[in-house]
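The same subunit A turns up in both complexes below, where it pairs with subunit B and then with subunit C.
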Partner chain A sequence: MLTTISLSLLVQALVNGLLLGLVYTLISLGLSLTLGIMGVVNVAHSTLIMLGSYLALELLQRLGLDPIISAVIAVPVFFLIGVLLERLLISHVARASQTTGLLVLFGVLVVIEGAAILRWTTDTQVLSVSYINASLTLAGIAIAVPRLIAAAIALVLVLLLDTFLRSTLYGKAIRAMAQNRDAARISGIDTDRLSLLVFGLATATAGVGGVVLAMIFPFDPQDHYRWLAWAFLVVVIGGLGSIRNTLLAGLLIGLIETVSSVLFPFQYVYFIVYLLLVVTLLVRGQGLAGSQSRAL
Partner chain B sequence: MMRHAADVPAGSGSPSPNGLTSSANAGLSMRGVTAGYYSHDLVLNNVSLIARPGKVTVLLGPNGSGKSTALRVLYGLLRPRSGQILLDGREITTVPPQRRLALGMALLPQGRSVFPELTVQENLEIGGWLLGRDRRRLAAALEAVYARYPLLKEWRQKQAGGLSGGQQRLVEIGRMMVADPRVILIDEPSVGLAPVIVDQVYEEIARLKEEQRTILLVDQNVRAAVALADYVYTLEYGRNNLEGERGAFEDRLEALIKSWLRF
Partner chain C sequence: MSSVLLERGRARTRWRRWLYGGLGAAAAVGLLAVLGVLIPLDWVTTLSAVFMYILLAEGWNILGGYAGYLNFGMVTFFGVGAYTAGVLCTQYNVHPLLTIPLAGIMATVVALLVGVPALRLRGVYFAILTLIISFLTQVLVTNLDITGGASGIYMPSLPFDPFTNEQIFYYAFLGLMLLAVLLAFIIEHSRFGYALVAIREDEDPAEILGVRTTWLKTQALLLGAFLAGVAGAIYAFHTSYIEPQGTFSLDISIDVVLMSLVGGLGTWQGPVIGVPLMLVTAQVLRILAGELPFFGSTIPPEFDRVVFGIILILVALLAPYGVMGLVRRVRGRRLTV
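Let's look at the complex of A and B:
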């Protein structure tokens, strides 16, 4: 009896883990793109995710818009935010050392977080949509509807981005730029303009990622550090710039989180996930720089 | 006739006394260029040279004499601290590298420069980036390159990074030729390649010469380079040293190489 309960719990955990993993992939993609292609360590990435959550909240409370629609709206809005950030800030510090860029982006993090606290206070928020507690039962496994929708949106975006990078000439140019920036410039590619595109796309994924996270988890202006850690973990495990590897790493983190929460007491989950980070860094030996060599 | 740079007024703008062309403005030239990565460590010091139209100009010198830096400056990858770059008399000193291809220029960089995780075909497509919005012209340009280098067509679906060094060199040359450049800068074309491949690379450069393209070749393989040259410059310590037509250099190659080995 005990074994059948455990088994169904485990299957439940696997399904949940895969769904969660898709969302983790989405929130990590931008970090992987900016680091892998532009060499920018965007520590402000998670504050952009947090802004995405608040965009969904505002659109829901003011206009009654479903977060599914907010996810669509977030794409152009955050693309524009990313382009502005790149043009006004990143492009000026990109030529300086990576440390300078890191400090500047940490400044961006502090500013966005501070502004968010002023605007929305530190209260925890949830998106109270009608289906927030709905669930589907398939073959004895209960799947939370918001989680399913969030995962579906994430999957669509991941596939779209992968297709864009693989099949379009712009996508190939972005991959070329990641592999050899000078050779790309010699071939006539305006790498400065492509960097705008890359940062815009990366920020758009962060924004949509924030919308779908808000469908699953409560949020406040200060809990984004967890997502920053999660995103870095996915990037370190999956390597840089490759969407497929990021997807595999994201699914892995999702699975580890849900499965280990079935097998061990809750407080061990973070411990296990961070242990994984340490082990990966030790095995790779070169940390983030080590994964950089396999951009795309 | 071979002359010492001391005989030529530095940065005079017309270091072209040999009648290879009637116009001092045609071709690609650098005038009085001073450049370096740090202000206290200049790699080029008041260097002038001309790559004449339809000719092969060779730039020689020992390691660290500034040859490759000269190419970087000529292609806009490094901005000079002073001096000018001119293409057919028009100043292009500050034109960024990504706009040089549209001017009919191309650079074959030193070492491996394929996009390793793109296929051969995709590498060529990047070479045709400027035609990108015109799919038909891009397809025609790729077909022309495949006709010119049939091996590339065989490898088109392979990842460029999985090819041998010599094969990658051919991909690099093919990628450059998609744009059908008039003025070609070549940096150390034979470094790191097997001797058989080296011969093929120089045969290809000879073909580019026959096609009347303007070529500036930087090379450590002095004999092979001089054999192709119409005109030769040498640099020492980042300054113009000797210059002259090929004939003036052929007899002196041994002495020249020996003197550089003592550096």
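Let's look at the complex of A and C:
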């Protein structure tokens, strides 16, 4: 009896972990793209995710829009935010030293976080949609509906992005730029404009990521560091090589989170993820920096 | 650092400059020492905070400024210091004065354990690792029994009246700050300091030319950690209550970096200039916040974080060597080799 209960708990944790992993892949993609293609470590990435969550909240509270629609709206909105950020700051950062870039992006993080506290205070928020507590039961496994929708949106976006980078001329040019920026430039690729596109796309994934995260977890302006750590862990484990590797790493982190939350009290999940990140950074952090070539 | 090496000025002018510098410093120290008994209570408290941040920033500057390794988790050592003092004092009945050096030692041990592997990473990856380690420490402290968990530790208070208490902390922070500034000055004009700058400029050639980079970086980190640990311990007694959210706050790490950056990375004067500048800015912003209309309501205190972020961006992009960089440019000297 006891074993069947814990077995079904474990299966449930696995399913939940995979769903969560899809969302984690989405929130990590932008970090991986900017690092792999532009060589910029965007520590402000998680604040953009947080802004995505608040976009969903505002649209829900003001216009009654479902987060599914907000996820669609977030794409152009955050693409524009990304383009603006790139023009105003990142293009300067990319030319400066890496540490200067880090300081600037930390500044961006502080500004966005501070502005979000001014606008929305530090109160914890939830998206109170009608189906927030609904769940489907399939073969004895209960799956929360918001989590299912979030994972579906994440999967669609990840696949779209993968297809874009693999099968379009723009994607090909971006891959060329990732492999060798100078050579790409010599071949007639406008790398400055592509940087704009890449950062826009990366920001768009962060924004949608924020919307779907808000469907699963409560949020406030200051807990985004958690997602920064999670996204970094996915990037460090998955490497910069391909979206598929990022997907595998994302699923792995999702599984690690849900399985460890079955085995240990909740607060140890943070501890485990931070520790994993420390260890993986030590083992392959510098390797990441060295391998600028990107196959996708 | 180049000023001493490259300047071929006559020995007499240099001697005179040192004399004036020494006299100026002595006058400033004398003034600060006298101020402690003259000025009102809230000023004493404000200046204590300035001294504490200078102490932290000078410690951070050894590795971050001279060697260019940006530690975004300075609060780890500060918090470990505060908690070492708290735990030893409340649970093991160690004399408060004794806990302060022990806190420094504990912070150094932690730096040795986590920092030495971290120093294998460079640039951005070192910064991120130190950031994550500060989160890790915070989670650990929040969940351990010995640290009192999320509810924190109440520190014993000193058996004096409030004003005397504040003065004691004023002089404690002042003394330690002076030691830290002196240490930074000595480092800047020593072979140790030159070697750290060599690491910042280009680590691999420095190593090839015989700089023991690993050992020197470790020393720089440990020195900074010791200062931060001591600062944390005194902070713990000063605030009389420590809990993981505030004591391990990322704001402290970022402020230390920002203040050093604004003053001038890799100069002993940098923190001395940057810290008061930023703390005064924060204070002015808080006063302004009470008066300026902001979308129909008053500006909440978090306003200063936004301004700090903007300053961080602008200084990093436009004046990466801070106030000292501007001063040296005006004086027509080069900051780096």
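By our rule, the second predicted complex is superposed on the first by the 282 of 296 C-alpha atoms of A that agree within 3 Å, B and C clash if a C-alpha of one lies under 4 Å from a C-alpha of the other, contacts with A are read in each partner's own complex, and residues count from 1 in each chain.
In this section, a contact is a pair of C-beta atoms (placed from the backbone, for glycine too) under 8 Å apart; a residue touches a chain by one contact, two chains touch by 3 or more.
Given the structure is predicted, the values throughout are model-derived calculations rather than measurements.
Participant: Between subunit B and subunit C, whom does A:Leu7 touch in the aligned arrangement: first, second, both, or neither?
Facilitator: A:Leu7 contacts neither subunit B nor subunit C.
Participant: Considering only the touch criterion stated at the top, classify A:Gln98 as touching first (subunit B), second (subunit C), both, or neither.
Facilitator: A:Gln98 contacts subunit C only, not subunit B.
Participant: Which partner does A:Leu89 contact after superposing on A: first (subunit B), second (subunit C), both, neither?
Facilitator: Once the two structures are laid over each other on A, A:Leu89 reaches subunit C alone.
Participant: With both complexes overlaid on chain A, does A:Thr191 touch subunit B (first), subunit C (second), both or neither?
Facilitator: The first partner, subunit B, only.
Participant: Could you say whether A:Ala173 touches subunit B, subunit C, both of them, or neither, answering first, second, both or neither?
Facilitator: After superposition on chain A, A:Ala173 lies in contact with subunit B alone.
Participant: Considering only touches as defined above, state whether A:Glu113 meets subunit B (first), subunit C (second), both or neither.
Facilitator: Touch partner of A:Glu113: subunit C, not subunit B.
Participant: So, A:Leu281: does it touch subunit B (first), subunit C (second), both, or neither?
Facilitator: Second partner only.
Participant: Which partner does A:Tyr268 contact after superposing on A: first (subunit B), second (subunit C), both, neither?
Facilitator: A:Tyr268 contacts subunit C only, not subunit B.
Participant: Which residues of subunit A are in contact with subunit B in one complex and with subunit C in the other?
Facilitator: none
Participant: If you look only at subunit A, which of its residues touch subunit B in the complex?
Facilitator: Interface residues on subunit A, with respect to subunit B: 169, 172-173, 175-176, 179-180, 182-191, 296.
Participant: Okay, in this complex, where on subunit A does subunit C touch?
Facilitator: 41, 43, 89, 92-93, 96, 98-104, 106-115, 117-118, 225, 229, 232, 267-268, 270-271, 274-275, 277-278, 281-282, 285-286, 288-289
Participant: List the residues on subunit B that touch subunit A in their complex, please.
Facilitator: Checking each residue of subunit B against subunit A gives 75, 77, 96-102, 106-107, 109, 113-118, 122-123, 125-127, 129-130, 132, 175, 179.
Participant: Which residues, counting only subunit C, touch subunit A once they are in their complex?
Facilitator: 68, 70, 72, 114, 117-118, 120-125, 127-129, 132-133, 135-136, 139-140, 142-143, 250, 254, 257, 261, 299-300, 302-303, 305-306, 308-314, 316-317, 320
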